[in-house]
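Worksheet for the structure shown next.
Chains here go by letter, A, B, C and D, matching the order in which they are written, and residues are numbered from 1 within each.
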Amino acid sequence: MEMKILKEGSGEIFCKNTPAEVRKWTRENKSRALKDKRMRLKDAVKKFIKDGDYLAIGGFGHIRVPMATIYEIVRQKIKDLSVAGHTAVQDIDVLMAGGCVKNVDIAYVVGFELRGLSGVQRRLFENGQVKKTDYTNGAMSYRLRAGAQGIPFIPVKVMLGTDTMMHSPGKVVKCPFTGEKVLLLPSLNPDVCIIHAHRADMYGNVQIDGHIVKDDLQARASKRVIVTCEELVDTEVIRADPGKTVIPFYMVDAVTEHPWGSHPGNMPYKYYFDHEFTEDYLAAGRNKDPKVLKNWLDEWIYNINDFYEYLEKLGARRLYTLRDVEFLRPPVRGS
Amino acid sequence: MEMKILKEGSGEIFCKNTPAEVRKWTRENKSRALKDKRMRLKDAVKKFIKDGDYLAIGGFGHIRVPMATIYEIVRQKIKDLSVAGHTAVQDIDVLMAGGCVKNVDIAYVVGFELRGLSGVQRRLFENGQVKKTDYTNGAMSYRLRAGAQGIPFIPVKVMLGTDTMMHSPGKVVKCPFTGEKVLLLPSLNPDVCIIHAHRADMYGNVQIDGHIVKDDLQARASKRVIVTCEELVDTEVIRADPGKTVIPFYMVDAVTEHPWGSHPGNMPYKYYFDHEFTEDYLAAGRNKDPKVLKNWLDEWIYNINDFYEYLEKLGARRLYTLRDVEFLRPPVRGS
Amino acid sequence: MSVKNYTLRELMACVAAKQLEDEKAVAVGTGLPLVATMLAQQTHAPNLLIIFEAGGIAPQLPTLPISVGDSRTIHKALCTTTLIDIMDTIRRGYVDYAFLGGAQIDKYGNLNSTMIGDNYEKPKVRFPGSGGANDFGSLAWETLIIMDRHGPRRFVEKVDFITTPGYLYGPGAREEEGLSENTGPSRVITDLCLFDFEPETKRMRLIACHPGITTEDVIKATGFEILIADEVGTTDPPTKEELRLLHEVIDPLGFVFKK
Amino acid sequence: MSVKNYTLRELMACVAAKQLEDEKAVAVGTGLPLVATMLAQQTHAPNLLIIFEAGGIAPQLPTLPISVGDSRTIHKALCTTTLIDIMDTIRRGYVDYAFLGGAQIDKYGNLNSTMIGDNYEKPKVRFPGSGGANDFGSLAWETLIIMDRHGPRRFVEKVDFITTPGYLYGPGAREEEGLSENTGPSRVITDLCLFDFEPETKRMRLIACHPGITTEDVIKATGFEILIADEVGTTDPPTKEELRLLHEVIDPLGFVFKK
């Protein structure tokens, strides 16, 4: 008996890692011991992200995005990244503005949701400077599930019949048990995944409040995991509520405490979007004069040393007002 | 291009539901509204479990098992069940002692772990009275994951090369992306799943403390979900910690508060095993005189009305001593 | 067009809201579809289950979320989970409606939110892509579509890219390609009118015009041949109470209804 | 046999414990393998990561769990999760050792925990089946096997049923069948001796006898032809400290070491 491949897409697979290789790599490169993994974000990015890596970003769009790490990647001018555009908004936009990106697996990029389209990304995709393969958000999560499970492909019931499928690497077959058509997608095992969480201990046990989106899968599927967190906590805090641990320590390579690390994104139960900041950035990217974007990047990334300087530029009043907005209370900041 | 089926097992698929049918059934039979689903366990079992159904049981072995529901199924003399033996110990043993079981998907049954083998199950399996197909615990969870995902099969990297595979319905193929061999297993969508949880609200939002084992997958894969819980809580309790909700209300058909509902099993953070009770039961099942087992069933199931009478027979002192053991403290019960 | 006391976007929100039955489940993004969903919940469908792609289930929405997964989408939710769990849930048959939009649509309700142009490598305009739209449109029972700026460049004979499946190339096509039975687009709400899909041909059919709009207006604005119901109705204009809810309760900051 | 001051089960636990390196991860059930694991953690391997099939990760084990997923296996754990997450974790390469036993074993380390007899429908004895054993033995890097009652009915030329894969039918067989490279059984600890697997043939090889046991004793007790290392050593008898830990700390209630 045979499962005939009835149709297949032409999309390029940008991430070349296979579960079998990643498994082997894991044996040799990931410590199973409780080791102190705290380090400066600068050092973590230098150590664990290389030119040409495939990068997966935590959170969703503007929510719980690891912006401190994104800025650091841009600051270090890492090149030729392939990126999982699994609803990626300002995160991927800043990476692309910084010239770090070569290929994108697109589920949702280019758009800033209600705020409209990105000038930066339109330019880069429309002139073919950045290559792409199209998927869906479900498809990207399913690929990560396969990667996390260590299987080389996964059947799905989305994308069938569409151009989205024809521009993906998916293959249509019939189920050998029921005869129904399914789409097979290749697993996704990113080289590195960056996550911003509510809390972690120094070993890298990570807890997230609210929706997990896809961070659990990404951490499981990826080779390297770099974590920033709002709060670094004692391991006893983790042991007191182990059901909340979304990512266990042995998957994690680096941990850095970075309060406000999702700014200008929204950190549930902590702070809401910095709407103005995003609008300003978006306007810079849309400006026909490339100097305007360059100035933005200089001001907020290149000409500052790290994320703490960024926070100082923003100022405490502005930041804590975002907390008021998050908690739906009138912002009263000043004595 | 083709994916050739290189090898296949001869195991029978006992659960005939396919994801496509279950999906359709769900549209017509599951309410998406917040409805009060509290009912007597007796009524829940009568209403939602039918002769010949495929049953999935929550928890693991002796841990967080829905014993109150198991006893009620036996009391109602439901027949010809197929059961997922995804590490099933006293739960499936009582069902088989009560003559409720026709087929078993075996990952782990017959054994009582350190306590040795079950007399009841050995008799029924060794004389061929109960039919079986062999799997592994991983395989059963993977089948449930496929059922929960609504795909008809899933590739796995277990069982390959073994007789376990040859007595399953698995099919070996090569991955069309990497060329490596994988085993395809059919999805599992049980007719009904029974779960014992720490807390639930009247709509069926379910929270579990500690390890979830496979209850999340089971609830998602099954058509009907019957929940007993240690504590019925106000919905505000659920809304205050929604990340803890393992099963959302629309998957659940019935909710009953049944403190001690896992007895003689272990309910993490609540009470430890009733070791003596299990040993007594096991001895009855091993006894060559079938009357001994019959007497046990009469005493603890048939001749009592419900689980509250069972608790009264056990007595408060015995029950609360199990709480002491759970918390590793010396049992001091008496004034 | 002689609209009074209300804008076309307000009208679209009210018409869209009426498509949602109580005690059903809807998977929704943000913008006008979410406004319509919140309005339905505030009016005739208090027991409508709202599910968000990023993992929020049945929140008590305090105000309009401005991003698909922001804090508002999990405010006092009954469950917060993962994106894949939401997709699995839709696939399992629990979700009645998906609410979508797009840059282009054709007569079978196929949606393009990927690109304009005929060169995939160098599109004239690159849009965001599917996001969860293809998933929702593949897996939910009914797809409700909202399209503003109804005109022949958006309502086209052939979309430049099928991002999300409508009825693809006609009756039976979804099933032939492996999509679930009895699914597909059921309504298209535009700033001119309301369409359904004729059951035999699966082609878009005009069933109601907005007040002041004629069938001829719709035909002119549509780049493909539409079917026309035997009786074309007129949609109800927004009530005062609906307008109050839209502006005071749902979108007080004016994200969707700019002030 | 001239054992003194310790039982064979105690000796097996101590020998098994020594197979576990510090800073590695082990997936383990209950019984003797767990006793050995806890002993390793209490002695030379304090930073050994323990993972339980039912979902407990890195607990601070207060005392011996008596069931594979009981409360003790999640006591002050770093993470509590699901069975499938544990299996995925092993498959992803994070777990160095799986600790297994069985009713029968053959020269390639294939394990039978399913049945005795040649009729699957009506076995002479039906055992529990795989449980997580096949998963562990398929996915973990090394499989450590503990077999008590070493004798020709348990160490057989051909097991009645391959529940869990050893090296199947010889070198390359695991890879040929689709199992991961560089995996398979590495040690067999019995109540007579310690085996490894000869790298070229993948056949069981005697590397050490317990005190008082001879190579001849082992040959006689084994139903297949064993390979014998150039130098067959003698295992270390338990120290006083090891015995104290076993009885006072690990198994004070005597579940494994019956009192």
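The rule is simple: a residue touches a chain if its C-beta (ideal position, glycine included) is under 8 Å from a C-beta of that chain, and two chains touch if they have at least 3 such contacts.
Since the model is a prediction, treat every value here as computed from it, not as a measurement.
Asks: Can you list every chain that touches chain B and also touches chain D?
Replies: A
Asks: Following contacts chain by chain, what is the lowest number of steps it takes to reach chain D starting at chain C?
Replies: 2
Asks: Measure off the straight-line distance from the CA centroid of chain B to the CA centroid of chain C, and report it in whole Å.
Replies: Between these chains, centre-to-centre, one finds 40 Å.
Asks: Suppose each chain is reduced to the average of its Cα coordinates; what separation in Å results between chain A and chain B?
Replies: Centres of chain A and chain B (C-alpha means) sit 37 Å apart.
Asks: On a C-alpha centroid basis, what's the spacing between chain A and chain C, in Å?
Replies: 28
Asks: Counting only residues that touch at least two other chains, what does the list for chain B look like?
Replies: 20, 142, 149-151, 157, 180, 182, 210-212, 242-243 - these are the residues of chain B that touch more than one other chain.
Asks: Going through chain C residue by residue, note those that touch at least 2 other chains and give them in order.
Replies: Residues 74, 80-81, 91, 139, 180 of chain C touch two or more partner chains.
Asks: Using the contact definition from the top, classify how the chains connect: line, ring, star, complete or other.
Replies: It is other, because the touches fit no line, ring, star or complete pattern.
Asks: Check the chains against each other and report every pair that touches.
Replies: Chain pairs that touch: A-B, A-C, A-D, B-C, B-D.
Asks: Sort out for me which residues of chain A touch chain D in the complex.
Replies: 19-20, 22-27, 30-34, 148-151, 203, 205, 220, 235, 238-240, 242-243, 245, 248-251
Asks: Would you pull the chain D residues touching chain A in the complex into a rising list?
Replies: My answer: residues 22-25, 47, 49, 57-58, 60, 74, 76-81, 85, 88-89, 91-94, 96, 139, 141, 180-182.
Asks: For a test of understanding, state which residues of chain A touch chain C in their complex under the given definition.
Replies: Counting only chain A, the residues touching chain C are 60-63, 85, 87, 106-111, 113-114, 117, 121-122, 125-128, 134-139, 141-142, 144-145, 157-164, 167, 172, 180-183, 210-214, 216-217, 266, 268-269, 272-273, 275, 326, 328.
Asks: Spell out the residues on chain C that touch chain A in their complex, using ranges where they run on.
Replies: Where chain C meets chain A, its residues are 30-31, 53-56, 62-63, 66-71, 73-74, 80-84, 87, 91, 110, 114, 120-135, 138-139, 161-165, 168, 173-174, 176-180, 255-256.
Asks: Given the complex with chain B, which residues does chain A contribute to the contact?
Replies: Residue positions touching the partner: 1-5, 8, 13, 18, 20, 142, 149-157, 169, 171, 173, 175-178, 180, 182, 184, 186, 208-212, 242-244.
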